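Okay, so subunit A shows up in both of these, paired with subunit B first and subunit C after.
After this line comes the complex of A and B, so read on.
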């Protein structure tokens, strides 16, 4: 199962879903200024060089994951140190995402949900293998995008464009700071996909995968932020924790279509589950390499717990 | 088939039978709250809720409204104290209206907005209204004219007021925005009691001006119409004016108001351009709708009359309250950000002396079914 090759379209959809991840809900939790949508655009543009770098790395070391590359370039000891550091990094991010995801579920809908439920699902997915996971991503991505577009079409009537003005009121500096934050999270995070580059099939061009993934993911993130600003307005957007949820909860079409924030909930659950799984998968791969364990299944259970 | 397969199969079959929902709520155990009325009490707040109850004694189930009230230190405290009163848990997912008494509004409505936003159940597109009467809960206790549930009636009245444009249509999330926006003071609907055909009923009676989150004063129904004209919120309604002895009612179909700040002789002037498409709805005298001259005369008189109304209204607000409820400051911020940075701190005093330039353009689309007046015998 582990040896199955993954096509580039599967990679792309996995990456788009990964970029959506928690960002669909938490986007702009940094200093939400009026111009946050400009920040996203800048961030997309500035993460293109990153995409080129990542793509080049994948090309230079064919059939090798990030962890193999570490050992090859830095030698056994230093390489293992890097593996350890990166695995911990991925693990840490995964726990953060799990935490925020369950937090959302608890605040928004079901206050008594246990935080372990998603963990069990993640163990199952990791054991099923990367190939199954990326096929799932390819299947789920159109649904997620369709749901985003639906909320925008339904909310179109209630958009208030005056919230976009004035552009650059606080100057360029906060915009640049925000866009830097956007680059690190979520665009540069896509480095985790280098871990999986060993599983790529032969005619896989990673540069293309990265560029397409970031462009598509970034574009829908941008639309998403735009919608939140136009619906919720300022300063509400800065005060509310789960913007997308609140923004879509406003959408009402003559008492007939309303309470559609469940769409956002399902989107969030799907995408952040994917993100957490990606991280945990990468982290488990790292630890396997570190301790020379043959089978990922022996490891994932204890790891997730 | 081997044994383990059957064993697993049985386990899965049993599992699928014993599933359930985490943190589920039975619908019978919930009482949906239609509206909340908040008053002051010696401890803190007195909260009255209107609950939708289903009367199943008849063949067809009938919705009846029940009222309950408690006191507590905070809004949430009041709500939890309801547990002492009812067996069912209150459910706020369908709450459509929050009625706030004058006293509470004078102290500030931010705690209430805070609860609505923070809690998972209430929806942020409900309405908050101020009670013009002494307390808020007597509004809930009035007899209902058209529906069984009091609060839903208020909600529907505010929504369908777009056809009349005499009450501000500001829901809680917009209110929160308005409180936090510099250069804009919120106006929310008011309700009061009226004796109509021998019944004490509830009426929407205009708007309440807030300074940040504290109540400052009340506006009448016609004032709100001017306000909606300036804020570009007119979606329908009538515009009534007199030509000598004739009263003409124009029905508004479409309106677009543009407010632009301008610098004239180093002075800030707000330029209000109103473009309205109307049709003659009713008249009690002789008007000639066939000739361009007479139509133009009606048009010019209507325009000047509308301009006068609006100017008059702005003057009153400037002198009586001095609060920028029109959002002029916000528009200056949007259009002239550099100027706004200079004048933001003393905007309130600038607003009191602000020059306004109103220009109305009324386009009369038609005269209904009549092209001549119905006349008596000569």
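After this line comes the complex of A and C, so read on.
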């Protein structure tokens, strides 16, 4: 498991899916007004320096994961403290994602869904190893993107461009605040990928991976938000909790194709599963480093539970 | 019972005869024949062979006749004279080792003892009835070579050798099975097959401790790295042309005496969708066929669970008129959809199994009775709803496109139906993710099971979902071997 190298394209797809994560649906739980799409664009631009920093870190410490870097730079005690902090952070985020995903399913369609099914799937995936997981991401990414594009094409004739007006009505400040929120979530979260940089194969340029990943992920996020605004309009966007879901449910084509929000739901299931797995994988790696456990397999089970 | 090592060949012929009689006690197929030279009555010898395993013509023509009719003088080193001048056989061997002697006799060779010699001569005289070379029934080809392997190892090897006439083609023999002593043969092309995989295979084969190998499947199960997976990580085929093409790609083949099935490895997922006549038909048609097969696999595992999820949990996605008709037909059926679905799937599988075991002429009648009569009657009697029959029928037919995957797809289908009955389409998605992760996790001798499926490199994709023309496949599969260049890339086409 550990000796399998991961190519940069696998990293890229994993990162794009990771950025999609839950954001595809929950994007702009921040009260965004109609200018939220500008915030995303700014956020993408602003996270480029971050990408450069992450890339540089990965380059400075080749063949080392984030946790190894901590120990090397901060010494044993302080390094372990950081590892603990980060692992808890990742773990917390993972549980949050699982929570919101199942809650979404429960609210949006099936009220009696249990949370454990996805948990079992995540355990299995972690045991299967990062290589299997990232190859899976590479296969699934085109499907996810295709599904997003489908919703846009299908909704095209119901777009109402007047929803975009007036641009910057509330001034620049809320836009900047929102874009800051976008940087932290989901773009800056990609730091979790530094954990895996130890498994990279030789010709891996992390700066490139980061920039491409964020650009592609951000672009489709942007399209997604744009679509929601165009379909729902400003006041509605803030009133609905699960925007993408509601937006796509409006789409109908001659009364035959309707209620295609299942497309969005399936996207969400796939991507947030990927995100939760990524976090949990990172967190288990952190705990392994912390307690010097040899095999990730012994650990992941108790952990996910 | 005495061990074979405790016996010794003595100088006296009579003692040796008694020895053989003791070793083969209660085994009446052992034939013992004493011979005497017609010119030199002091020259007595005795031959042993197992009835039925030998070609009697060879024994009487080329062993008995020379011994009786030649002028043989008694001298020292008589065994050498026999071996070099009298016995007319292409292969004979002198031995003192009694266990070797017994093995050889059991394999259909003839053992020859002489008076005043404490060793014996093993003369090749094998000859038994084998099945003719026929077209295999499971892998039918529309075009291209028709011959299939039979149960005799040497015949099978000759079929491969006839296709690859190169000294680089290596056949390595070994014996597995404490009681059956089955010959198995490892075939590969030197320079193409990866050394590491070969070593790995040898070490795994040597580790096998079993009393008997009757089929190649025994070995497959022993060396399978993921023994609990529903997918096989080694391939099996009955066609020499398939084996030859796999060898040329750098794979390794394992043949087992007594089994018409040959194992090839490493084996990757996409090979399940390849068929021998893909390479004999026009590449457009074979590409379409291959895509059909993949689509067939996907639909056989997907149609029932998606139908179930839609009908039971996501009625809103079905266009209203269609939903009305589905519900109209469901309105008076007694069972819930999931029971209906699983029940009918079981019936379908029973029909398939019955059809496979039946003699072919009954099989057709059976399928007509099963499919038409039972199906219509069940719908008319309001036992099951008509859409379910359609769903199960579609799924079943799609499943028959890929017979290699039939077992696996049934398991997946049932699991997905179960999941989607609980969780609706989310269950289906979770199940599919599980399946994909599992497939990505698998590897066959270090080669990822899903190799070549997640790349957009044209040279890697050339033989997966589509089959490119032969001149385009310039390189051998990259993951399989280090020796890539396969052809000149069809310079004469450009």
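Before moving on, here are some points about what is shown:
Assume the second predicted complex is superposed on the first by the 305 of 305 C-alpha atoms of A that agree within 3 Å, B and C clash if a C-alpha of one lies under 4 Å from a C-alpha of the other, contacts with A are read in each partner's own complex, and residues count from 1 in each chain.
Basically, a contact is a pair of C-beta atoms (placed from the backbone, for glycine too) under 8 Å apart; a residue touches a chain by one contact, two chains touch by 3 or more.
The model shown is predicted, which means the values in this text are computed figures rather than measured ones.
In the superposition on chain A, A:107 makes contact with subunit B only, not with subunit C.
With both structures placed on the common chain, the touch criterion links A:42 to neither subunit B nor subunit C.
Considering which of subunit B and subunit C touches more of subunit A, the answer is C.
Looking at the shared chain after the overlay, A:232 reaches subunit B, while subunit C stays out of its contact range.
In the overlay built on the shared chain, the residue A:192 is in contact with neither subunit B nor subunit C. In the superposition on chain A, A:183 contacts neither subunit B nor subunit C.
Of the two partner chains placed around the shared chain by superposition, subunit B is the only one that A:162 touches, whereas subunit C remains out of contact.
Subunit A residues in contact with subunit B (one complex) as well as with subunit C (other complex) are 109-110, 113, 259.
Taken in their complex, subunit A has these residues touching subunit C: 105, 109-110, 113, 117-118, 121, 124-125, 128-129, 131-133, 135-136, 138-140, 255-260, 262, 265-266, 269-270, 273. By the touch criterion stated above, subunit C contacts subunit A in their complex at residues 313-314, 316-317, 319-320, 419, 423-427, 429-430, 433-434, 436-438, 440-441, 448, 450, 453-454.
Those residues of subunit B whose C-beta lies close enough to touch subunit A in the complex are 22-23, 117, 120, 123-125, 173-174, 176-177, 180-181, 330, 333-335, 337. By the touch rule above, subunit A contacts subunit B in their complex via residues 107-114, 162, 165-166, 169, 232-236, 239-240, 246, 249-250, 252, 259.
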